Amino acid sequence: MFDYHALAPEIIIGVTLIVALMLDLFVPEHRKYLVGAVGLVGLVAAAFPLLTMAACDKLSFCTEAGARVMFDGSYVIDDFALVLKGLFILAGAISLLLSVSYVESDRYYQGEYYFLIVASVAGAVVMASARDLITLFIGLELVSGPAFLLAGWRKGDVRSNEAALKFFLIGVLSAALLLFGMSLVFGMTGEVTFEGIRAASAGLSREPAFILGVVFVLVGFGFKISAVPFHFWAPDTYQGAPTPVAAYLSVGSKAAGFVGLLTICYLAFGEVRDIWGPALWVLAALSMTLGNLTALRQTNIVRLLGYSSIAHAGFILVPFAMAAQFDDVALEEAFFASVTYLIIYAFMNLGAFGAVIAGSEKAGSGELDDWAGLSRYAPGVSVLAAVFFFSLAGVPPLAGWFAKLVMFRAVFADGADPWAVSLAVIAAVNAVIALYYYARVVKTVFMDAPPATAPIEEAVARPVAAPLALALGLTALVVVVAGFFPQILAFFGDAARALALGP
Amino acid sequence: MQALNTVLAYAEEAAHHLETDPGGFVGVMVDWAWLIPVVPLVLMFAIVFFGKRLPLKGWELAEGSMAFVAIYGVALLIANWIEPFTVEHHVEIARIGVLPGLGDLVIEWGWVVDGLSIMMYTVVGVVGFFVFTYAKGYMEGDVRFTFFFASFTLFAGGMLVLVSSANMMQLIVGWELVGVASYLLIGHWWEDHANNAAAIKAFITNKIADVGLFVGVIIAGITVGSFRFTDVLDAVEAGDSALARVGFWVGLAMFVGAMGKSAQMPFHVWLPDAMAGPTPVSSLMHAATMVTAGVYLLGRMFPFYQAEGFGDDVKLWIILIGGFTLFFTGLLALVQDDIKKVLAYSTLSQLGYMTAAMGAGAYTAGLFHLFTHAFFKGLLFLAAGSVIHGVHSNNMSDMGGLRKSMPTTYWTFLIGSLALAGVFPLAGFWSKDEILASVKADAFGLGSAADLVLVLAILGAFVTAFYMARTVYLTFFGEYKGEGHPHESPRVMTYPLIGLAVLSAVAGWVLIPGVSEGFTHWLEARLHNPLDGPLHFESIDWAVAGIGTLMALLGIAAGTRLWYRDAPTQLERDRFRIPVLYPLLEHKYYFDDVYMNGIVKPTAGPIARATNWSNNVIIDGVVNFFGATARFLSRYVYGWADQRGIDLAINAAAAAAGETGSVVRRVQTGKVQQYAGALFVGAILLVIGFLIFG
Amino acid sequence: MSFGDWITQSENIVFLVIALPMVAGAVMVVTSRNVVHAALTLILTLAGSAALFLMLGAEFVAWTLVLVYIGAVIVLFLFGIMITRAPIGRDAVRLDHRRRWPAALVAASVFAVIVTATSLAFPDTEIAEGVVRTDSIGEVLFNRFVIPFEVVSLVLLAALVGGIVLARKDPE
Amino acid sequence: MIVNQFLVLAALLFSLGIYGVLVRRNAVLVLLSVELMLTAVNINLVAFGSMLQESVLTGQIFALFVITVAAAEVGIGLAIVVLIFRNRSSSNIDELDLMKW
Amino acid sequence: MSWFETGWGLSLTVFLPLVGAFVVMAIPKARERLVKSTALAFALASFGTSVAVTVLFDFGGAEKFQMGTDLTWIPAIGSRFHVGIDGISLPLLVLSTLITVLSIVYSWNHWPEPHNPKAFLVLILLLATGMAGTFVALDLILFFIFFELVLLPMYFMIGIWGDRTMIRPPGFKREVETRLYAAIKFFLFTLFGSAFMLLGFLALYFKADPHTFDMIALAEAGRAGVFAGAFGGWVFAALFLGFAVKVPMWPLHTWLPDAHTAAPTVGSVLLAAILLKLGSYGFIRISLPILPEQAQDWAPVIAILAVVAIIYGSLACLAQTDMKRLIAFSSVGHMGFVMLGIATLTDIGINAAVIGMVAHGVITGLLFFLAGSMQHRYHTREIARLGGNQKLLPILGGILAFTVMASLGLPGLAGFWGEFMALLGSFNPLEGLSLGLFRTAMVIGAIGTVLTAGYLLWMLQRVNLGEPPDEWTGKDLHDADGFELAAWSPLVLAILAIGVFPRIVFGATDDAVVNLVKSAFGG
């Protein structure tokens, strides 16, 4: 009954974890990067089964093509799952690349560090296929648990501890809310599988207890994707945690949250869109506006990216928000939009964090003022930073514009009713506000004179570490090329869209 | 290669032939008449680019172009005299859209060869030729000798474009080209900002009037569906109702344009200032040719103004404005000390004559005066320039007694003055007489207005003679009052004087009613529906001629009475001090005294000064006021509306966003338990929201 | 059904007997001025819930609860308390915030909302008796829920590894 | 024996937990309150399970998973608390506001 | 040459500069000469292809889109790589490629601080692609991309090489460098507008059946009345916001003076010559054909704003003390004439708009070149401090005078046709539009020409004429050098050629415009 081909990625990653842990015991301190390498190899290896499954109908050894349903439908590998697993693995891999030079620069428990990152990725990979509440919840915990710990990884730094505690407490509380909500949903429908819930939930959309359950579930994920007002932990945590971890949180773990939200909303709660639609409308509007406005006055770049990621969560939520009114076609559009946005966002945000890591190494600080005139002594990093920041701002011809476009497109997908238009206008205004603070960073880097204290000699002397450079190059390439040929990313969103209407 | 084909191969020449189409050599000349404006324009560029390298600094090119025009013009003149003809050519330049019901709107280059245009070719060519020759000497050693002739040639080209144009668009092109040339030449000595101010004043004043021209052309063109004069006039002839509906506005607007170029009140203020330019410029542009463009336009559109129900309501305006201009500006000439200013005001007054004639329906007379005036006024300016050249001053108070030291200049100037004053048998006599006669005849039946203008015109004749006499005496008689030793100008300057003097003498004979009427014939050939009522006269109207001559003689006499004395007291006498006249009055007729105190003094004194004052204060004041207002307005608009208003709003919005940002930030207290509280509160609020609104 | 009918059912009396101490314990946990007491009274609540599970026939869950929590977690807590030298005095000031009322308000409103919702949904839905046999739990757990089961093991492993790293004292 | 009585009990515990989380300053106490909330969830799950007979197993297994995860959370949480205490020699979470705004 | 006429010609014209940008990036900074010549080579190649396109263009059928292609681009959202040119876009395309070449030629040895030619040229080339692309795009999304592509390079150009004097903008607490303020202001304004423009595009896409971004198909739908009613009104408003900011129309113009003043010479030239045209071109190419009904509703508004811009711009110019800023404000007025022409919705008016765009591009571009060169020599733009330029730098002064004459709409030079025909068109606008309003607009516009002449001649007098102030006497101010003349003479020639023989532009536009108006408004 086991379809090992389907489970191959999870199994490979699991094995990788064990191997990494074992290896960590034997490699000397200055070779710890080997553990990371193992993790990287494992992740890459785990990506291959995805490809074979995707191309199954063209492969000889491959038996059953199409979606693979297991355990009474509680675990499914369909195109959506494939795409998202791929995304998670990629995000994890890039996060590893970002980490190497960072964790080597100070006394870290490198082996365990890599181990935890890969473990968290494993959780996300599981979530992509989870089709019942329990699996989803456990996957979520596997994503979060290691993340809690990683946030505090800079043990000596009080900020890091604080980041960890805040992240942990809010995480646990939202988990409790999520569970309570799940329990209510379970009680109302008597089902834990999404199919079952969907079937049983028709007509429950006016049932207070069910609404309560759904909303609590939404809140649980709202924490994960750091949507206002469940976002407070994010900036503090990003700022305090090791920057690569922050990168992983803002992409991997956030994406995991969105996967959970997508599946549970469109599959489990597909019949009660009029509950989560409006609720998410509110969250989207709040997240975009507050995220951007607060970002305006930030002086620490990582923290600024934290708020920007909150705003982006809002943008990704916009297509959800209109789902209540949508017919099937429009629903697919919305689903496609969210997934595509998620993919593009992953690349550009990882790139942005990479640029921040490299830039902070050059400028010796993550404070915006210390970055002044960075382009004078670190042109490459500066250009990359500009590319990623403007991509985040959604300025053509960088990939970000397409994300914004599909988002707006989804809003209008089913005619332009007042709610849709108003949300679109809010989003448009926010896009402009966002441009301001992204441009502010670029302005500081390119147009201001470097401070007297700038460590120019060291910066010029020390080149960017190879893995970091690799990660930056990769993401930058994708961001630029996808800017001109968005189809290369839109393709995946397209592949995933079928899930919108349930299995 | 469609590109080049379509863009360059436009050569569908639409030749629009009217009554007669000459064949043979004349025909060839007519078909190549487009060279007349083109040659000067091309040579202008040649002068700009290569002028400095040429032995004569580009003057030869300029002079050559004028010679070409003069010869071509005269040849056409003779041919047309022998056998009148009228030909138009049109070349399509561009199609700019479709007018519903009227077809494509086409922009064309066209040249018309008929009596009117030929007359203008001749005037521009001949007078131009003399002036250019003269200028060679006058401008010798000037800093921008070459550039001067470039601009001068540009002017000639523009003027010829204007007069040769078969459609209104091209007319506008020429119109503005001469405007720019005038701007450049008035401000030729731009190191002195006064000259620049004068230049700008001229340009802007004209530009304001051009608004009228533009509007008129636009309305006419759109309504008729074509910019050709012939089409517009055909429409008039056909009684096109659409055109008739806008007829008055078209006529008025175009007349406003004409008022600008021909410096009619109240647009005349620019012309006196324009004397800041070199004298040859004043001579050719601000006396002989450019300023007559307005009159020319009225002539071109004459049938429109004469036709019932189209422009005929405008005639009243035209004749009245002409009448007032001719009289009051004439008075102004009496009190000028700057010799060029005198001539300038005289020009204004003569232009008033032409305009009034046009308003009175005296088509031939007006254009005839244009023709003769070109010669003698050109001559007068050149002669004045020669004087200035010798004396190094414009002021008559620095002159006097020059008739011995500058004989040629003196004699030519005298001839010019007499011609201007309208003394038999010089040119001015015939044309002015023609005008008086036609105004008296009142072909349009304007009644009392015509009578009023007739009176003004007759008084004007007196005033003209009066101030010319004054000028001659103050300049050439009495004692020399300036420094240095005045000397006659070189030949290159005196020969043109002589040439023009001859023309000033004989030019009038081309139209002697009952004797030689060639002039009338060329011009009438072009008119579609010859006027009912006398356009020209079989015989001289002796009454009018008599009165006119009498007035002229009176004026001269009065002038002689006052200023013919070679005494050092000449200047005082210029202030009309009685004592000098007193003995005369005592010894002779006492009514002289009455005459003086009653007429001359008030006329030449207070009234003129009042007019002068009103001119300088009120009208200039108005002009300056508008300038100042615009400046003030602009400062306000820019300073407040733009820099404060709009920007402030924008920046305020931005700042507001920032402020909100820094307020919103405060929510992020850093206290984890408050975050937790937000978590729960948010959740509960969502649920409650549903329980309430759901 | 009315409260009268409800209270007359024997098992409900048992329920009350179990539930009231639970609540009392819970109140102690969040109000006690003594950290250790708080930790110990939590045991009371947990034990009560275990008893309720037994009433509901969820034997395996009940005993797991007892083992895992009372056996392990609470001990862990006590260790934590010792390590962090949490104040074991009797001064609430340093244990609680001054602003209790907003918190109470939030908690109360959550309670109100939940209770209204559930009461509307299940006015008087009976719970049927019946005991679940452990082997059937095992069967389902290792067939249908094997993936979460494996994954949760990873969670524990990660928590273990990471927890050690963070909690251990670094050699200077 | 009706399901709602369990639900009400659970709600009560849950709310008390929330209260504790919000008012307690000591990190360990906050964790204890979290445990209360999770217990409430368990009661819910089991009660629902036995309410709808056919999926009684699902409910209980869910509860089992929750218990396990709760244990893991406690481990993580205490580790972090210990870490913080070691750096600041205090485990009062309201003193942690280095990062804000 | 069939491959050339089936899309390759246009694609090369558009993307050669982009390729050039990447090539230049690859060249090490040190090899400055190579960098320059490479950039110039690519720009010239692009210009050459555009000329070839012109030669192969079928002017007989100028109303049809030619040389185009229609390829799959983003199937996921139904957007295609659909390009083509007709008589309206052709002149603008050629203009944009030409200006690019001239900018590079001019920059050859005029480098604003900080030097760094490599980066500067890369930006110019990027701009070139954006500008040319906008004029050939026939797919809304494609159009949007190119439309926005110009933002980043211009932002950096202004922000890095811009004017460093300190100013205190209204509502600001402290002083900022002009370049920084201007750069972000330009960026925000434009992005704000285009965000709403994008919303409009999407609304159109979903309203059309079948959904499409294709301009031609949408135009047919618009003719069929698919976008009638309030919906269309909102969409038009959104598009209006996007285009009006770019034009710029009063009162959305305030970014323009700052941007033009702050930008380095070449930046100002490109801004004035091409970037402003993107907006007005958008109106002609998108708003009018796709939303004819709403265009007629909005025409009076546009006309009023245009007239306000004409008068307002001129008055503002009279108050300027800064030469470059004066020229910048003159753009407001001139674009006002363009918009007035468009507002008439007649073929005459739109012809006027197109030639007005071309003429303004050539003339104002040249003016900014000159202003830049003068600043390069005098190190100031203060009109008060300048004077006697004609005497100090005869050639430069002469060209300046010539250009000023062209700019004030002298007949026989390029500027005249746009102005005069805009007035001509507004005498009888499309039937249904208020005659009174438009004829008043005509008169006011005509008065505007007077004001224009006023401030330009006044500027000329203060800058060019008179005796040079003492501070310049004795300074060795070298007159226009070879590169400058090389960059300017084509523009001078263009001004003359278009002025004397407007057929150069009308020959291409007329059929296209007539067809556009007929199909959109049945005019």
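Labels for the chains are A, B, C, D and E, by order of writing; each one numbers its residues from 1.
Here, contacts are C-beta pairs under 8 Å (C-beta built on N, C-alpha and C of every residue); 3 or more make two chains touch, one makes a residue touch a chain.
Given the structure is predicted, the values throughout are model-derived calculations rather than measurements.
Minimum number of contact steps separating chain C from chain E: 2.
Shared contact partners of chain D and chain E comprise A, B.
The chain pair A-E and the chain pair B-D differ in C-beta contact count, and the higher one is A-E.
Nearest to the global CA centroid, when each chain is reduced to the mean of its CA atoms, is chain E. If each chain is reduced to the centroid of its CA atoms, chain A and chain C end up 32 Å from each other.
A separation of 78 Å divides the Cα centre of chain A from that of chain B.
Averaged C-alpha coordinates give centres for chain A and chain D that are 26 Å from one another.
Taking each chain's centre as the mean of its C-alpha atoms, chain C lies 7 Å from chain D.
Residues of chain D found to touch two or more other chains are 3, 14, 17-18, 21-22, 27, 30, 47, 51, 58, 61, 65, 69, 72-73, 76, 79-81, 83, 93-94, 96-101. Within chain C, the positions touching two or more other chains are listed as 97, 102-103, 106, 110, 113-114, 117-118, 122, 145, 148, 152, 155, 159, 162-163, 166. Contacts with at least two other chains are made by residues 188 of chain E. Shown here, the protein chains touch in an arrangement that is not a line, ring, star or fully connected set.
Working note: touching chain pairs come out as A-B, A-C, A-D, A-E, B-C, B-D, B-E, C-D.
Chain C meets chain D in the complex at residues 1, 6, 9, 11-12, 15, 19, 22-23, 26-27, 29-30, 35, 38-39, 42, 45-46, 49, 52-53, 55-58, 60-61, 64-65, 68-69, 72-73, 76-77, 79-81, 83-87, 94-97, 99-100, 102-104, 106-108, 110-111, 114-115, 118-119, 122-128, 130, 132, 136-137, 140-141, 145, 148, 152, 155-156, 159-160, 162-164, 166-167, 169. Remark: chain D residues 3, 14, 17, 21, 27, 30, 34, 37-38, 40-41, 44-45, 47-48, 51-52, 54-55, 58-59, 61-62, 65-66, 69, 72-73, 76-77, 79-81, 83-84, 87-88, 93, 96-101 touch chain A in the complex. Across the interface of their complex, chain B is touched by residues 54-60, 169-172, 185, 188-189, 251, 254, 257, 312, 314-320, 329, 346-348, 350-352, 388, 390-391, 405, 410-412, 416, 420-421, 423-425, 427-428, 431, 442-443, 446-447, 449-451, 453-454, 457-458, 461, 464-467, 501-504, 506-507, 510, 513-514, 517, 523 of chain E. Touching chain A in their complex are the following residues of chain B: 654, 657-658, 660-662, 664-665, 667-668, 670, 672, 674-676, 678-683, 686-687, 689-691, 694. Chain B contributes residues 1-7, 10, 93-100, 105, 107, 172-173, 175-177, 180, 183, 187, 190-193, 196-197, 200, 203-204, 207-208, 211, 214-215, 218-219, 221-222, 627, 630-631, 633-635, 637-639, 641-644, 646-648, 650-652, 654-655 to its touches with chain E in the complex.
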